Each structure stands twice: as structure tokens, then as C-alpha cells.
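The same chain A turns up in both complexes below, where it pairs with chain B and then with chain C.
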Partner chain A sequence: MAKQVLYIEMDNCIGCRSCLAACTQCGGHDNRNRNYVMDVDPLQTRQTIPLMCLHCVNPACARSCPAQAIQIADNGAVLSALVEKCIGCQNCTIACPYGIPKFDQEQNLMYKCDLCYDRSKEGIPPMCASVCPTNTLQWITESELAEKQAVHKLAGGKWLASQRPEPLEGETNVKISLPGILQGVQKLF
Partner chain B sequence: MQKDKFFKSIKNKLHPGEKLVSTHCCYCGMQCGMNLRVDTSTNTIIGVEPRYDFPVNLGRMCPKGVTAYQQVNHPDRIKRPLIRRNPAWKGTAQGFEEVSWDEALTYIVDRFRQLQEAYGKDTLSVYSGVSMTNEKCYLTGKFARVGLQTRYVDYNGRFCMSSAAAGFNRSLGIDRGSTVPWSDLHQTDCLFIAGSNAAECHPTSMFRIWEVQNRGGYLIVADPRETPLARRADVHLDLRPGTDLALANGLLHLLIKNGYTDEAFIQNHTNGFAETKALVEAYTPAYVSEITGIAEEKIIRAAEIYGKAPEAIVMFCRGVEQQSKGTDNVSAYTNLALVTGKIGRPKSGVATFTGQGNGQGGREHGQKADQLPGYRKMDNPQHVQEVACAWGIPVEEMPQKGVSAYEMFGLMLDKTIRGLYLLCSNPAVSAPNQNHVREALKSLDFMVCVDFYLSESAEYADVVLPTTTWAEDEGTTTNLEGRVIRHRQAQSWYAESKPDWWIQIEIAKRMGRGQYFAHLNGPRDIFDELRRVSKGGTADYYGITYEKIEEQQGVFWPCRDEHDQGQPHLFLDKKFYHPDGKAKICALPYRPPAEEPDAEYPLRLTTGRVVYHYLSGNQTRRIPFLRDMYPDPLLEVHPDTAKAYGIAHGEKVLLKTRRGEAVYKVKVIAAIRPDTVFVPYHWGKDESINLLTNPALDPYSKMPEFKACAAEIVKLEKGERLHG
Partner chain C sequence: MERAFASKVAKRAFYTVCVLFLASYVGTRFFTHIDLALYGYMVGTVVFIGGFLYRFSAWADRPPTKIILKKGLRLLLRKSTPQTAVEHLATYRFIWNRGWYRWTQHILLGWGCILSALVTFPLVFGWMYFTMGDNGTYTVVAMGVDVLKVKADGWIAFLFYNALNITAFMVIAGVCMALYRRLKNMQARAEQNFLYDFLPLYLLLFVSITGLLLTASNLFLHGFGHPVMSLIHQFLVIVTLIYLPFGKLAHIPFRPMSVFARNYREHYAEQEMKLCKVCQTGFVSAEQSGDVVDVLGENGIRFEMAEGFHLAELCLPCRRKYRIFRFTGIPTHYRSEKEANQHAKG
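For the complex of A and B:
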């Protein structure tokens, strides 16, 4: 099976939060969503954007963990903290520049998006990308990704989470097209 | 059918100890395919899994769809029949006692008989809905006319699809919601979408809609609000609510003036062009701009894009239909496709976004006051004869046609109607002019409500019968494309609840009418009868079987015999369904909404949905995720308007019209016209925006004018402003 990645087209988002509802339905997620949708400027516009774990190639959350509780799976998924290792220090929640890891006080345990590892390890799309009605969240092969990359020019050919002046965090396994996706589309007539 | 561009072969995740039941969502007309996860040890529904291979949505679901299964084993389910013997409690949830089915049905039949003996057969009424299967919708019409022998049967489609139906029938001679399958949407070059907030109301259409733009095609949206759909439109026609007819005439004016018409198509396949051309002569961009408030250049640009587009689809929704001229709006927007010949071929046509799950099928098979199964009409003696014959009743026993849903409330108040059998609807939230409607419900001598939750309307009932949810029964629905699809039973009937067909057949038997119903032992029998009765009608289902639905992933009607595979595209032969085979281009002069703003009520109030809720909210307000996302109705106000009234974001204000008033929290947002305010309609009691809406009815469809009336905001005293 060709490697598949989560790919995000921010401009498609309609704010339905179906991805959040679907996240709660993933077998390993304890009925709790691990992804978020933000209103960009709610007094002005209905534009929204998903805030998903980007599954950094060299993730700050895992680097900051003193207990090696945050493992990286073979498909690049940065997993939720291991119950037996997590010491509840919450370093990861501070280290992540996007605020993705959340902390459960009762369980004394960090939880975060694991790309629905029980699905994605079998090549099945994560719940969020399965249900997204707008194609904001897509689960695509690397060749499909290359086609996207050809359309959307990026700094240095790398998909970085933020480009200037310095990336917030380096290369990510999740790829993003920022708002403005239609710029450069040739009109049919 | 060719493979959809978005189709991917994906296997499902199957958890140990579970099975998947492939079915559809219970909510809107998209009828998205989904799998329900069933725990095989307890045989209960415990979750949802995408259905990646269903061709309409290909696994995609909105938040309502994802959480729909949570209705089934919800703690609010009614477990046993309820009787309330003290009418003083009407309008509250108090005073009900649980009884056996036998006691409840005996009580109902006694009261029905007493009323009919004293006041005649027509003293009873049936008020239904279309969030249920074709089998149930068909049976409800027969139950009313043959079982209860009353003329008064109608349904909540009068608040939903009736204008689209009347408009399409007039223009095209047939009422099928879409002339093309949904898989055409992303392949067209221009989508013209009026009065539809598809991003919130039909979200699983969105991946196709965005694809039109990704391919370099155009999206034109007419809406008073910059909805999540309008946000990305190439042209956003930000019209005043209730002025669609002027806009449609103005676009037609420009299409004709600038030579975008298809003369041969007009000549060969339509009537009425000359008259319409003469009428729209006066609808210049300047005149239309003055009425609609849209900048002239936007109107000109929209007409140019639609005119130039090689293929284009005109789409609309309740925004244009829920007006006192909704039927005219539908015909006027359909005119655009007819004069340009952009209809009757793949990737071009007209479509309405059907609101309710079975809004299409439910209006075809005879629970409408003036209609019989197969889209037959009650004012056609031959149609009446055909159905009477199929049902085995003497033709003189067929009741006369009744009145529309809203008009029934008037007949309740004047005591023409004294008894009501209400099912699959919640008019104490969804009907306009709630003060009138609630008074009417309270005035009834006897009311039965069939529901799976104790809805706001059930609070007016003397007897409440628990019915099953969609996932506990078999049957078919017809989606917004006109595709007949199959719902499957994933769990046995909850507690003591029974499907509607079981209840109606039982009551009919006890009313002494068993001979017409006793042969029906379940959905399959009812569907077979529906097929036979619809044979030869416009909505001909005769060739549709459960097996064919399975094989073809749904069957588009008309489907006339065993070998017919159905018709995904209508009019490919350029034959319309009027007797001469031609479509009708309609000359429709603009008239303003029934109530225009004035000094006392200077704002325009419009209503609609939010993505987290469905219809009256009786289902979705109980689902934790959906309730948390949008717990209370918000009043959308433009910042300039908020400033003029001295009100702030989050502040509570009083909103009032000539019919009623309610307090809402303000949501300040620039994405709405300054002269317009918006409130979603999913809430009941004191929060219901339908306390304020105008019941002015469309003369053809009897659709109330939910979408435009005059309103005023009143700033509250300091203490009240922050309360709650």
C-alpha cells in the first residue's frame, strides 16, 4: 500500500466541525475529540480553519518529553502519550507551538491526535479525513500529494508549518495549503 | 454509471464483536450513505463508520450524520404509550401516565369514533411529515383517507418543498428535485445557487461545489448573508430577503439582451417566451438593483458568467421557496435554464436542495391534501378512480381534497377539525405564527402524537405513542436527486416502541377498516403496494424493487418496469412532462414580500438552519455534541446595525414583529446585510423564532413566508441584558 498522508486545504473549511464529531468516534479516542476548528475573525467573516496535529517530523512534544512517552509510529503519526510512561508533567502541552496536546487531569495523562492509528496503520483514512464534507481534510497518496505540490509553490519545496521569518516548527508529515488556494487557478472561460 | 472522480476503494474498519449495517442518514435530503456499528452481543447500535462506496457522499458526513446514531438508545426515548386524562396540563410535559398499547389504542379508537359520530368523518385530521420512509408516507395517506376516512390530511412539506414542487410542475410538468444526479455538480462549469446555505444545510454537497472552482469554473451565490458557501463565491449577489423574483427577472433580461438565449431550444421545446421577454424588458440592472439592493455590476457579471458557461446548473433552496411567491421564484430561476437551453443534458439543469430526508418521496405518494400516490392529483377524476380501484374502495368513498398544513390550524380553531393524529412532525416549533398554532393545538378535543421523543408538540397531546427511529425499521426513501434508496434495520424496536406502519394498521383494523390493511405485514408489503398503486403515475415506482436498489446503489424514478434502470438525468430527449412535451417559460411580475419594513418595524427578519441542527431540533438538540456546539439560537446582526441600536456582541435583546416577540443573544457579524437580521429556527417554547414569522401563504404551494418579514430590535434594561 502506497504511503498516504493527511493533507489540509484550509480554504475549503466551512466550520461544520464534522471532523471533531468524527474524532470522538475513533475506536481509540475515548469519545473525546483531539482536533479543533478555529473561527478566523468571527465578527467579520464565517471563515474557519481546522487546527490539527501536523505530526512534525521532529516533534517538539516528543523532544520535550522527559519520559519518552510520545512515540512516533512507522507512518509518521506522533502518538498520544503512553499510559505507562506519561508522568503528567505537561511539558508537551507547552512545547507544541500549536497547542495540540491536551491534558486530562483525572487520568494524569496527555492525549492528542494519533492520526487514528488503529485505522491508518491498516491504510484506512483517519475519521476526520473520512467524513470531511468539503475536502478540507484529505487522506492522499504521495503521488497525489506531488500533484498538489506542483500547483502550490512552496518555499524551498518543503511543506513547512510556517515560513517566515523562521518556521515555528520544521517539516511536518501533515501537508497544508493555506487560504488562497484558488490563486493561480486558470478560469475555464 | 461512470466512476466518480472522488471515488476511492477503501475498506472499512471493523472492530471485534461488531458488525456493520449499511444504511443512510436519517436527516436531510442528501440521505448520505453510512454504516451503523452494531455490537453483536447486545444487538445494539453503538457507533458509525463511513460508507465510502455510496456514490452520493462517498463516506463524507456532516456532524449531524456522524452523531445521528446517538438518537437510537437515547435516555429521552419514550418507552411506553402515554395517556394524559387531564387536559389542563396541555402545553406542558406534565400529567402523562404510562399505559399498555391495548389501552392506548382502545382509548384512541373510542375517542375517534365518538368524534366522528358526533361531527362527521372529517372532524379528524392527520398531520404528517417526510422524515420517514416512502412506505410510511404512502401508508399515512391511505390511513387518513381509507382508515379514518377523513379529507384532512397534509404534511410538513408545506414548510419545506411545496414551492419547489409547484414551481417545477408548472415549468417542467414534473416535480423531481433535480434534473441531474449529484455527481454532475462538480463537472459543470458554473453553479448558480440561490437561497441555499448548502455549507450548513447540505454539507456533503460541498466537496463537489468547491471542485467546480478548483477546475476554474464559477460559483454564483444569491443570499442576504455571506454564508460559508457565499464566502468563496465568484459573485455574491447579496440581495434583500424576499426580492428573488426581481433578481431572476433581471438576470433573464440580461441573458436575452446580450444574446445568451438558445433560439432553437426556445422554439422547439418551450412555450411562453415572447410574453416573458416582454415582461422582463422593464427589469434593467438599475431597476433590479433598486429592488434587491445588489450592486448593478454584480448582476451584470452574474448574467455574463451564467450566459457564457458551456454547462451550468441552477440550484436553489428554501431561501427562495419559503416566500409568499416561492412558486414564482422557482419558475423564474428555472426560466434561466430554459431560455439558454441549459437543461436536458448532462452537467446542465436545475435542482433544489431537498430539506427533509424523504422530502422528495414523501410528497409523491399521497399524504398531501391534494395528491394521491404516484403524483396523481385529487382534482383529476381519472386519477381518483385509479387509486380508488387500486385500494379497493368505491370511488365515492374517496374523500375530497383537504387543506394545507398551516390552514389546518385555522380549522382547528373554528372546530371544523376536532381531532388530530400527528406524526413525524413538530409544528409547535416548525410552523409559522406560533401563538396561533399553539392556541389551535390547545383547542383540539383530542390529539394523538406519535414520536420517539416527547417533542414540544407532544406536550399538547392526549395520547403519545412511542415510535421507532429510522434505524429500527426497513424501508426506502427518495433522496434529493430522485434516487430511491434503502434504509436497513440495524437494531430491534426500542423498548415498547412500534413503527408507524404497525400503529396505523392496528388503528385502521380497530376502526373497522381492517380489510384494506390486513394484508400488509411490513415495509416490503407496503412498498409492493406502493409500486403497484404508483404505476402509470408521474412518479412511477413500479419497476423499483429492494433488490434493484441494492444492485444499482439506488434507482432514479421514473422507473416503469422490471427492465427499466431508472433515469438519473431527466429530459435527455428534450421532452418535458406537459402534454405537448414543451416546458413553460413563465412571465412573473415581481411583487414584494407580504410584509415590508416600515417605521415601526424597520428591519427584515429572515430565518434558516445552522449546521448542527435539523428542523425543529427535537432530535438534534438532544445530542450532546450538537447541543454543545450550538446550544441556543443567536440573532445575527451586522456591526453597523448593532452600533445604531447600541447593542453589543453577546448581549440579549428583544426581537419583535407584529405577531410575536422573543429574547435572543446577539451575534455581531459583518457577513449579513445591515438591513437584515437572521435567527435559526431549531428551538421551541419562548426561544422559537416562529413566534415572529409571517404565515402569509404562497397561493399555489401554500408555503408560509418564513424568509422575509418586518421586525424591530428593542434594547433590554440592564438586568435583563445579561441574564442567562
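For the complex of A and C:
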């Protein structure tokens, strides 16, 4: 099976929050969601953007964990803290550049998106991607990803229809596409 | 003196073995009361110490671990330490909050193992032994001092004789609960693998069963098969000890870190809170924010933004809003609108 990745086309998001609801239903997520849907311009527009763990290639959360509780799976998923190792220091929540990990004070345990590892390791899309009604969250193979990204290059690379890498801190396993147009001068939002 | 040892591990191992040796010297009344039947366990334990120190030193040298260990040790005398320690290490309150099933399983396994260790290690190193001066009365000798006289057929003595049988039943019950969960729980099934999750359970199970078989052999079979079974038991215990620092069971010796972490958070939160560079609310202690920035820097991760702040200096909602700003160019993090509710109800 070709390696599959989570791909986020942010301009498709309609703010239905199906991904949040689906996240709660993943096995082991214990009825709590681990992702976010953010307003782009609250009180001005209805546009939203899903924000979730982007599964950094060099994850700051795992680097800052004193207990080595955050493991990286073979498919690149940065897993939620191992329950027996997490000591509840919350370094990971401070280190994450995107503010993703959540912390449960009662259980003294951090929890974060694990790319629904029980599903994604079998090639089944994560819960959020499998319910997204507008194809904002997509579970696609790397060749499909390359095709999509090729479309963003206009006029032989002179123009870029989506600013892919710049808005992130370092390389991530989850790929994103922003609707930036014409070298980031103007946005569709 | 610093140059006498090839490495920190060597130094720690040397001192640990010296302390053990001295404790045994005193405890056995100058090596007059060594239980040589337990000699194999003694060798196994020394090997275990080597492995443990190797693992511990590798782990303690990681930048974030070093910080928590150093500052945690310094804060060990905080007033709240006893309560935190009891809740984290004895009653497992946080596991209760994860569910009664897991708590029951962990109490049985955890205390079964801890009590067994408290019985066996003192016996192995001669820190505790029994003598019978008068017929029918045992004297308990701890660290070379007579501490207690018990009637040989009394209930305290009964508990002494059967301590390991009782803990064996606790461990077996706990292992069965854990194995059942690993077979039934879908999340556990997704992430578990044999070496990390099952092997320690099987080892504990076999150690407990062979231990009970020793008792059974004494009680019902006039000691039939006892020598062979005691060797099998010894082999399994030593394998478990050697494996302990490298697998899942490593969380037993490392768990006291959670007390350090709690003290670290509480103490420095009282000192000074870090104010979010955007919304000016305190969200974590200034110390921890600084430590995380340092640790990330040591790992070559720098999140200094053009706006003049490090991402670890932003509270979590502001950090998320800031990321959306980076996506869209609309600086919502400087506006007062609160983040929309992000908690779906499952």
C-alpha cells in the first residue's frame, strides 16, 4: 500500500465541526476531541480553518518531554503520551508551536492527536478525514499529493497558487494547502 | 577523584554496589547470616543495577530530564511533597480518574510487585532475617538489630510466611485484568506490541505462578520438584530484573519524577507566572517557559518569531490564533474575541 498522508485544503472548511465530533469517537480518545476549528476573522466572516497536530518531522513536544513519553510511529504519527510514562509536567503544551496538546489535570495526562493510529496504520483515514463533508481534510497517497501540489505551480513555477511551506515551523508529516494567491500578496479570505 | 572513573555510569555503579555491600555487611552481622539459597538473586540484582544505571544515565542526560531532575531534587522538601507522593506513588489517584478497572488492575499489580520487592530484597541482601532463640518464637532481625519477637504459629508470622503467596495472587489477578484489557480494548490493541506490552505481563505472571508452585510443592507434594522449580523461578525473576530498565516496567523506578514535576510546576507558579506576550494572562510559570525555550534551543529548534517573541511565550489560545494569522494574514490574536469553544461532547 502506498504511504498515505493527511492533507488539509484549508479554504474548503465550512466550520461544521464534524471533525471535532468524529475525533471524540475514535477508539481510545475517550469521548474528547483533540483538534480545533479556528475562526479566521471572528465577527467579520464565517470562514474557519481546522487546526490540528501537523505531526512534525522533528516534533518539539517529544524533544521537550523529560519522560520520553511521546513516541513517533512508523507512519510518522507523533503519538499521544504513553500513559505509564507521562509525568504531567506539561512541557509539551508549552513547546508545541501550534498549541495543540491538551492536558487533563485529573488524570495527570497529556493527550493529543495521534492521527487515529489504530486506523491510519491500517491505511484507514483518521476519523476527522473520514467524516469531513467538504474535502478539507483528505487522506491521500503521496502521488495524489504530488499531483495536487503540481497544480499549484502556475506559469512554470513563476506563480504559486498556494503558499505551502512558509506558514509552518519546520517540516511536517501532515501537508497543508493555503488559498494564498499570487505570491502571498492577496488572499481569498 | 572525578578522573577515577571512566564515566558517570561507572561512578554511579561503583557507589551503588559499595552501598549495597556495606548495607549487607551491617545487616548480616558482618556476613554471619547470609542466606546462600538466594545467592543467584544477589548476582541478578547486581546485573540489574548495571543495566538500570546505564538506562537511567542515558535518560537523565537528556536536556529536559536533566532540568526536571535537578530542580525536582532541590524542591523535594516542599510542604506538599508527602501528599503528592502518596497520591502519585501509593494510591494512584490519577489512575482512578482514568477508570476504576485500570485502577484496580494497577493497585493489584503495583502493590503486588512493591510488597514482593520489600520482602525479597532485604532477604536476599541479609538486611532482614529470622532467628529462633526460644523454641516457638521467631526474632525478626533488621539491619542487624532485633526488632520484633513473633510467635511461630501466630498470625503475624503467618503473614510473614505467606507474604509472597498473597502478593503472587495479587499480581496474577492484576495481570489477568491487564491481559483481558489488552485483548478487548481497541486502542490498546492498536498500539500494543509483544515485546513492550505483553512480555512484562507474561514475565510477572510466570514469576508469580512458579512462586506459587514452590509453595504448592511444599504443601501438597512433600517438596517434589522443588529444586527444579526454584531454579526456574530464579531464572524468571532474574530475566525480569534484567529486562526491567529497558521495557515498560521502567516506569516503576522513573515514576517518582511525577512528584518532581508537580513540585516544579507548583513552586515556580507561586514564584512568577509567565504573562502571554500577546494577551498578558499568566499561563505557566516563567521558569518553565524559560526552561522549555532553552531545551528547544539545545535541540536546535528555534521558534523566535519576527514579532519578537518565542512561541513558548504565548498562551495556548493565542498561539493557535497566531498560527491562523500566519495562514491568513488577519491578526486575530491582537483582538479581544475569545476562541470559539473547542470541546465537542462525545
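The definition used in the following text is that the second predicted complex is superposed on the first by the 163 of 189 C-alpha atoms of A that agree within 3 Å, B and C clash if a C-alpha of one lies under 4 Å from a C-alpha of the other, contacts with A are read in each partner's own complex, and residues count from 1 in each chain.
Everything below uses one rule, namely that contacts are C-beta pairs under 8 Å (C-beta built on N, C-alpha and C of every residue); 3 or more make two chains touch, one makes a residue touch a chain.
All of these numbers come straight from a predicted model, not from anything done at the bench.
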Partner chain in contact with A:A161 - chain B first, chain C second, else both or neither: neither
Touched chain A residues, chain B compared with chain C: C
Partner chain(s) touched by A:C16 [first = chain B, second = chain C, both, neither]: first
First, second, both or neither for A:V57, with chain B first and chain C second: neither
Partner chain(s) touched by A:D118 [first = chain B, second = chain C, both, neither]: both
First, second, both or neither for A:C65, with chain B first and chain C second: second
Which of chain B and chain C A:R32 touches, first, second, both or neither: second
Touching partner for A:L43 - first (chain B), second (chain C), both, neither: both
Touching partner for A:L145 - first (chain B), second (chain C), both, neither: neither
Residues of chain A that lie at the interface with chain B and also at the interface with chain C: 17, 20-21, 24-25, 27, 42-43, 118-119, 187, 189
Interfacial residue positions of chain A with respect to chain B in the complex: 11-12, 14-18, 20-22, 24-25, 27, 42-48, 118-119, 122-125, 127, 130-135, 181-182, 185-189
Contact set on chain C toward chain A in their complex: 59, 62, 64-65, 67-69, 88, 94-95, 97-98, 185-191, 248, 251, 254-255, 257-258, 260-262, 264-265, 284, 288-289, 291-292, 295-296, 299, 301, 303, 311-312, 314, 316-321, 323-324, 326-330, 332, 335, 337, 339-340, 342-346
Sites on chain A touched by chain C in the complex: 10, 17, 20-21, 23-25, 27-33, 36-43, 49, 51, 58, 60, 63-68, 79, 83-85, 87-91, 93-99, 104, 106-109, 117-119, 121, 167, 169-170, 178, 187, 189
List of chain B residues in touch with chain A within their complex: 10-13, 15, 47-48, 50, 52, 57, 59-63, 65-67, 189, 199-200, 203-207, 210-211, 213-218, 226-229, 231-232, 308-310, 611-612, 625, 629, 639, 649, 668-671
